[in-house]
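What follows is chain A paired twice: with chain B in the first complex and chain C in the second.
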Partner chain A sequence: MLRRCLGRMVIAVAGASLAYFAATLALDPRASLESRSPRPPRAAVSARLASLGLDDRVPPARRYAAWASRVARGDFGATLDGMPVRGELLRRAGASLRLVVAGGGVGWAGGVLLGAVGASRPRGVLDRLITAGALVTMAVPAFALAVLLQTAAQGVNAWAGVPVFAWTGEYTPGAAGAAADRLRHLLLPATVLTLGQAAMCARYQRGLMLDALSSDWGRAALARGLRRRTVLRRHALRVTLAPMTTFAAYGFAALLTGTAVTEKIFAWHGLGEWLIDSIAADDVNAVAACGCATAMTVALVGLLADLAHPALDPRARP
Partner chain B sequence: MRPPPLALSLLRTSSRRPGASSDWRLFLVVLGRLVGGFGSSGLRSVSVGLFLLFTSVCMSWRRLGVASERRPFLVVLGRLAHGSGSPRRRSASVVLLLLLTTACAPVHGPARPLSPIGAYDIAPTPRERVRDGGTLRLATTEFPTQWNYWHLGGADLDTARILGALMPWLFRSDQRGRVAADPSYLVRAEVTRRKPRQVVTYDLNPKARWSDGTPLGYRDFRALWRACRGRDGAYQITTSTGYDRIRQVARGVNDRQVVVTFDRPFGEWRSLFSPLYPAETIGDPSAWDRAWSDRLPVTAGPFRPEGIDHTAQAITIVRDTRWWGPRARLDRVVFRYLARDAMPGAFASGEIDAFDAGADAAAYRRARQVPGTGVRRAAGPDFSQLTFNGAAPALADANVRRAVAMAIDRRALARSALAGLDWPVRLLNDHAFVNTQEGYQDNTGDLGTYDPAAAGRLLDQAGRRTRGPTRLTNGRPLTLRYVYPASAATGRQSGELIQVMLGRVGVRVELRPVPDSDFFDRYLIPGAYDLAPFSWIGGPFPISNLGPIYGRPHGNDVRQNVARIGSAPIDTLLDRATEELNPAKARRYANEADRLIWNEVHSVTLYQRPQIVPTRQSLVNWGAFGLSTPAWPDVGFRR
Partner chain C sequence: MTAVLEVSGLGVTFAGGVRAVRGVAFGVAPGEVFAVVGESGAGKSATALALAGLLPASARIQGSVRLRGRELLGLPERDLAAVRSKEIALVFQDPAFTPVHRIGAQIAEAVRAHRRVSRRAAAARAVGLLRLAGIQDAAAVARAYPHQLSGGQSRRAMIAVAMAADPYVIVADEPTAGLDPPVRARVLDTLRTVQRRTGAALILITHDLGLAVERADRIMVMRAGRTARIGPAATALTGPSMPRAAPALLRSVPRLGHTGGRANAPTVLAVHGLVKEYPARGVARRRMRAVDGVGFDVRAGEALGLVGESGCGKTTTLKEIAALRTGVVFGRDAASLSAAQRRELRRDLQLVFQGHALDPRMTAGAILAEPLRAHGRRRSEIAARVPDLLHLVGLDPAHAARRPDELSGGQRQRVGIARALALDPRLLLLDEPFSALDVSTQAGVVALLRGLKTRLGLAYVIAAHDLAVLRLLADRVAVMRRGRIVELGDAGAVYGTPAHPYTRTLLDAVPPSPPPRERPGRTVGDSWPGRAVEGPWPSRAVGDSWPGRAVEGPWPGRAVGDPPPDPRGGCPFRTRCPVFPALAAPSRRRCAEQDPALRHLAPDHAVACHFPSQGEPR
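Let's look at the complex of A and B:
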């Protein structure tokens, strides 16, 4: 267990470091500052870059060392605007987490359910409908799906005469406390994520279940006269949950920064939007922090999935 | 982030493969319609389009004879679409498809008459007819964190818009860019001496006070000058234009009178000291950086900050009861940071009251259909242009540049860039002033008209003879590198058009998309391009910005003259325009310089960028401002 922990940590550190190098080599904060109109004096730009630890005259390895030692102490530096990255990172991670847990959670559960239903009668009408739905959902880009949902919600609002749905941000500014307002704002973006996750999980789950049925023990159980349904529900579902958890865990980590499109369209100020905005602004410290957060999340959920594995699969218990 | 032009690229793929079945073509057309239909024709065409898309996928797969085991979902959809597949039903479904295709045609409505675009469009309404109270919700394209406008990290247009309601801006501009003192802050401000040195005396409004109670005074002017004059590198500043010419800022007869003495005259002195900040918050470099970082400690305007919400990325300002000027009509204004892609949706859901759609045709179409919306439109202060690289071998000869400029149909470029916006094309023929601005005049000379025949003759005379379809320069084909930011769809479109236009006179054009952030720094500044399209930001004070753009480069330092084209007479005229204290004469000098700039073919201006602002109809004194300054106390909702 300890070795696993260490291994995951090494991977996280390596991932974060790679992210920093990618950011610092690919992005050019000097260009971004100098392209402002009117063009600022060169000395002012250099002073600013030096104060942020982004001076391009310092070799990248030295910059990396300085950055790494700061991050080890929990200090992610400042954005190009001079704001502390740490506070922003936590705030953004919170926003993304709320969206991903709601959308991804429902999507994952729904996907497992749909996949299981589909596998119970493969090539039946229901299975084909689910399969078709899943493939269609996966084929439609998130951007199109979001606009489609907004247009539909707009229709509902117009028909109802009261704004049932709202889809700009997490809540109406000034009404931060109201749970109903938050829920109203959560529905649409979470649905976009739910659909995508459910479609993927359903396909995966269906495949796993069918594999389980055609495995040695599955065929043995059927041969002994157990009903197909019973085998699926009692045995196959249980066995497939373990790989499914791993799959969902890594999917979750990818979602955390991978929801940029959804976040942008719904003005949800989370990590994905921040990453895209920071790349566009050549903000090295912010991009590196996003990379760091992703690396840590992947390591963490991997660890959690490892921990959950024995609980879900008796064969994995020591 | 703009959605990729999916329809276009896909349709092109289909034309490259003539053997593709008609179903595929239908599929592509439907896809094109679908993608083009977002925002325009609403739910109906989108849902119908989706249905069509998958139906045609099924039909195509059937024809292509994919083994049925491999496509269970297609079989399901195919059965759904075709019933059991009997010939009769199939023909019925084809009829249905055709019907749906026509139903899916984009709803454009009757063609709108293109009325000329005004200099501003804000539903001007007298204050008595504006309701007292209400909350205005607006979108900003950035969540500002540095509220010191003069700080290196501070100056962007949205921050300036918000600061306009909070801080003292001494002068206001009208829609034609004519500036006048704002009586809330200034009783009088004028040039009181010209010889031996220019002296400007400001008399501040005695009622003008910072929100902490201290009156506005000469100390605030002096602190801003000391920071911005550029002598002390510890101040991270965004510009020193104008301030570097000031010799002294002194107290006049009392604290409220400010006497500013210039070393060298500066005609656009009215652009200085706006916005003003209290001396103690900007007086030393550390305060300069920190006092306004993520907060607004002191203000002096019709509104005051109420709160900054980082999670929602919203800034709320409320009416300031201590304000001595006309009372603000609105109770509250909320500015929310939204990605451009989120704005039309936010407007449709009623969560913002207005947004600037710029030149985004899809956003414009979607917002236009929201009930109770008026689209306000004005020609903006920014303009679009095409810069020539005079240091590149291909364009070093002014006659070649002249020929290239004449062979480019600027009107066609403008028409394609502004398509779908119901926007009448009006070409911009002045580098110094935009069409709607005081001082604008046509300086193009013979470059203003599209004349490929004359261009061809000029190229012949310049020794760029044709061999086959292309002309040669020093034995090699005359090829121009057209460099544009990869994400700029208009940049690519214009490039394709220019490719065709110049192809007609035998000049080859290579399109080179480059990463957005590299565009200026790695291509324009080092001069690795021949033609480059981009926009310049304009405003009511254009003259002092001309020098860096059109003045000759000093050795390697091109400043903003990425064309590297200039001349001593242009420099002299620009200096004269900058130093002239009589605005009418200054404009004349600027236009004289511009005639020479056209003559050197530094760049060709295209059009004034549109401001298209979908607005709730009840909102008045707000919309497309053009060059004018918003009058915050008068903004509000109709009674």
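Let's look at the complex of A and C:
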């Protein structure tokens, strides 16, 4: 277990370092600062870059070493605008987490359920509907899905006469009933994520369930006199939980920064949106922080999946 | 005789028009043992599944199956669930338990499926059933997960499930396939005891006519989906209306009595002091030696058999050779090879895996083309080679279009051999090439391998637990026990005048052939096939095991009810040795203090025993 932890940490460090090098080599914060108006004097820009640890006259390896030693102490530096990255990172990660946990969680559960339902009567009407739905959802890009949902929500709002749905930001500033308001804002962007996740999970789950039912132990469970439904629920579903959990864990890690499109469309100020904005602004420290967060999430989620696996599958227990 | 189960005009057609069963009819009386015998592909298993309505939904079923007068065919799924296990129970060929639930819980499930009992009562009943099925530490087994059981324990647990609801009929489909002879006999005895106790009818499905004659009251021989013959077991072998299929089955039962000689040819493989360790479970830093100092050589055109009970390290030895990390292969020291040289050498040395290690989604043709493509052969060359390869192993070029599940067990094994031959190797490593095959198919594969050996000058290393079949193929034999070779030499010498007491016990467990003519008494426990090799059953007997390992289990340290560890020092076999107790005290001390090394009795016959039996024929 300890060795696994160490291994994961090594991977996380390597990932974060690569992200830093990519950011510092590809982005040009000097150009970004110099293009501001009024155009600042060259010396002022250099001084600014040096104070941010981004001086392009220092070799990248030394810049990396300085960055790494700061990050190791929990200091992610400052953005080009002089804001501390750490605070922003935490705020953004929180926003993304709320969205991804809601959307990914519901999507995973729904996908497992839909996949199981489809597998219970393969090639039945319900199975065909679910399969078709999943394939269409996977084929439609996220931004199209988001815009379609927004259009539909607009129609509902117009018909109802009151704003049932809201789709900009996390909350309406100054609105009453904060929790309900947040939920209202969460609904549409989370649905976009849910649909994508559910479609993928449903396909995967269906395949696993069908394999399980035609396995030796699936047939033996039927021979024991159990109803088909019981075999599905107590045996097939239970056995497939272990591989599905690993699948979901890494899916979750990918979602955390992969939601950029959705966040952008719904003005959801999360990590994905920040990453895109920071790349556009040549903000090396912010981009490196995003890379750091992603690498750590992947490592952490992988570790959690490793921990969950023996709990779900006795064959993996020591 | 009132039949509890009456089958008439039973027909099964699989998707794709394959007619697996065509018009089978029979009846079974309460308390009767009825054997269904036939070669693989004769429709035995399809018949068994049809009785319980467990065929895949795509299969079409005709005819009638009446259980106590009630028609089962065409019953809705819900009613069938109520019939299964309560009225008709199945024991499957492969023990099948859901991997994530405990054995006890799964047996309790069968108990609760038909009766309103509390969870606790069902759990207690599950332990009781396991005990009835002959498992000593039943409580521990009930708490275990399926993968923690040994092969014999799993079969017994399956039998416990079959008893759970006191069925009228128990259908056992090859309940002993793949088990070592001693365990096989005990499982069959258990099945018989259980059946007598419950008064159920037992339908025993097997490919082994000898076993059927010994165990059954009546026998039905199936051939190509039809009833070839049906009648009392006593007359099955002598009766005038004996079908042609049955003598074929009988003839193919391997007999002992064939000799080979050491080929005067270049050495293709030499292994010395091979060791493979696995980390032990539980105790920190202790390591388990699966292979402990094994050494032998193989010459061109020679077949070496590695024999021993499952878990003795045969397969591990093969894998270590195939890994090309150690040993002298075709005159080159494997340890000093570069990666490119190793890859080249790999072409000359091929592994043939146990049973069905073929990708179910590929056709036979694609399976054969794969190694050729991997080694950069041209497309036209591959297209020409594939039919040749199929022809070489006695298959039709048309088989190239079939997928593994459309081939019989023997045909699959032939495809596996053809795949290994694709790159013209000089040495084949075969891992239990016969264990998944029925007797007549085994004979065919043995003949094929013998033919290939002479025609292509191949050398073989064959790991097998079946000594009788191996005899037909091996020129030399290495008897393994707990990761060591205890006897090594010319097959004629080892089989004819076995020197190590362990070899003698192994040979004594081989069923005599042909099967007995008159029906032997049904004494529980001491009947053919197979007497116990060592010790009493169950967990100990299975337990010719080294610390923390069931002999039948696939991995060290997993079986429930581990036997105590070996005494330190001295000959590891002495605690089970039949010779040791009869020795004089000074000799005994020698066994207890010195671990015997392999020493030569004859130019090609070596044994690791201080007091080998010399020159006495068995």
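What we mean here is this: the second predicted complex is superposed on the first by the 299 of 318 C-alpha atoms of A that agree within 3 Å, B and C clash if a C-alpha of one lies under 4 Å from a C-alpha of the other, contacts with A are read in each partner's own complex, and residues count from 1 in each chain.
Quick note on the criterion: contacts are C-beta pairs under 8 Å (C-beta built on N, C-alpha and C of every residue); 3 or more make two chains touch, one makes a residue touch a chain.
Source: prediction; values computed, not measured.
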item	value
Partner touching more residues of chain A, whether chain B or chain C	B
Touched partner set for A:Thr151, first chain B, second chain C, both or neither	first
Partner chain(s) touched by A:Pro41 [first = chain B, second = chain C, both, neither]	first
Contacts of A:Pro314 with chain B and chain C, given as first, second, both or neither	second
Chain B versus chain C as contact partner of A:Asp283, first or second or both or neither	neither
Chain B versus chain C as contact partner of A:Leu226, first or second or both or neither	second
First (chain B), second (chain C), both or neither touched by A:Thr168	first
First, second, both or neither for A:His235, with chain B first and chain C second	second
Partner chain in contact with A:Leu129 - chain B first, chain C second, else both or neither	first
Those residues of chain A which chain B touches in one complex and chain C touches in the other	none
Chain B to chain A touching residues, read off their complex	1, 3, 35, 38-39, 42-43, 46-47, 50, 54, 72-73, 75-77, 143, 145-146, 152-153, 155, 230, 233-241, 289, 293-294, 309-314, 316, 334, 336-339, 341-342, 345-346, 348-352, 371, 516-518, 520-522, 536-537, 545, 548, 559-560
Contact footprint of chain A on chain C as seen in their complex	52, 54, 56, 77-78, 81-86, 89-90, 92, 94, 96-101, 106, 109-110, 113-114, 145-147, 158, 161, 164-165, 281
Residues of chain A that touch chain B when the two form their complex	27-28, 30-41, 43-45, 47-48, 79-83, 87-88, 91, 94-95, 123, 125, 128-129, 131-132, 135-136, 140, 143-144, 146-148, 150-155, 157-158, 163, 165-174, 176, 264-267, 269, 273, 276, 280, 282
Residue numbers on chain A that touch chain C, as the complex places them	214-228, 234-235, 238-239, 242, 312-315, 318
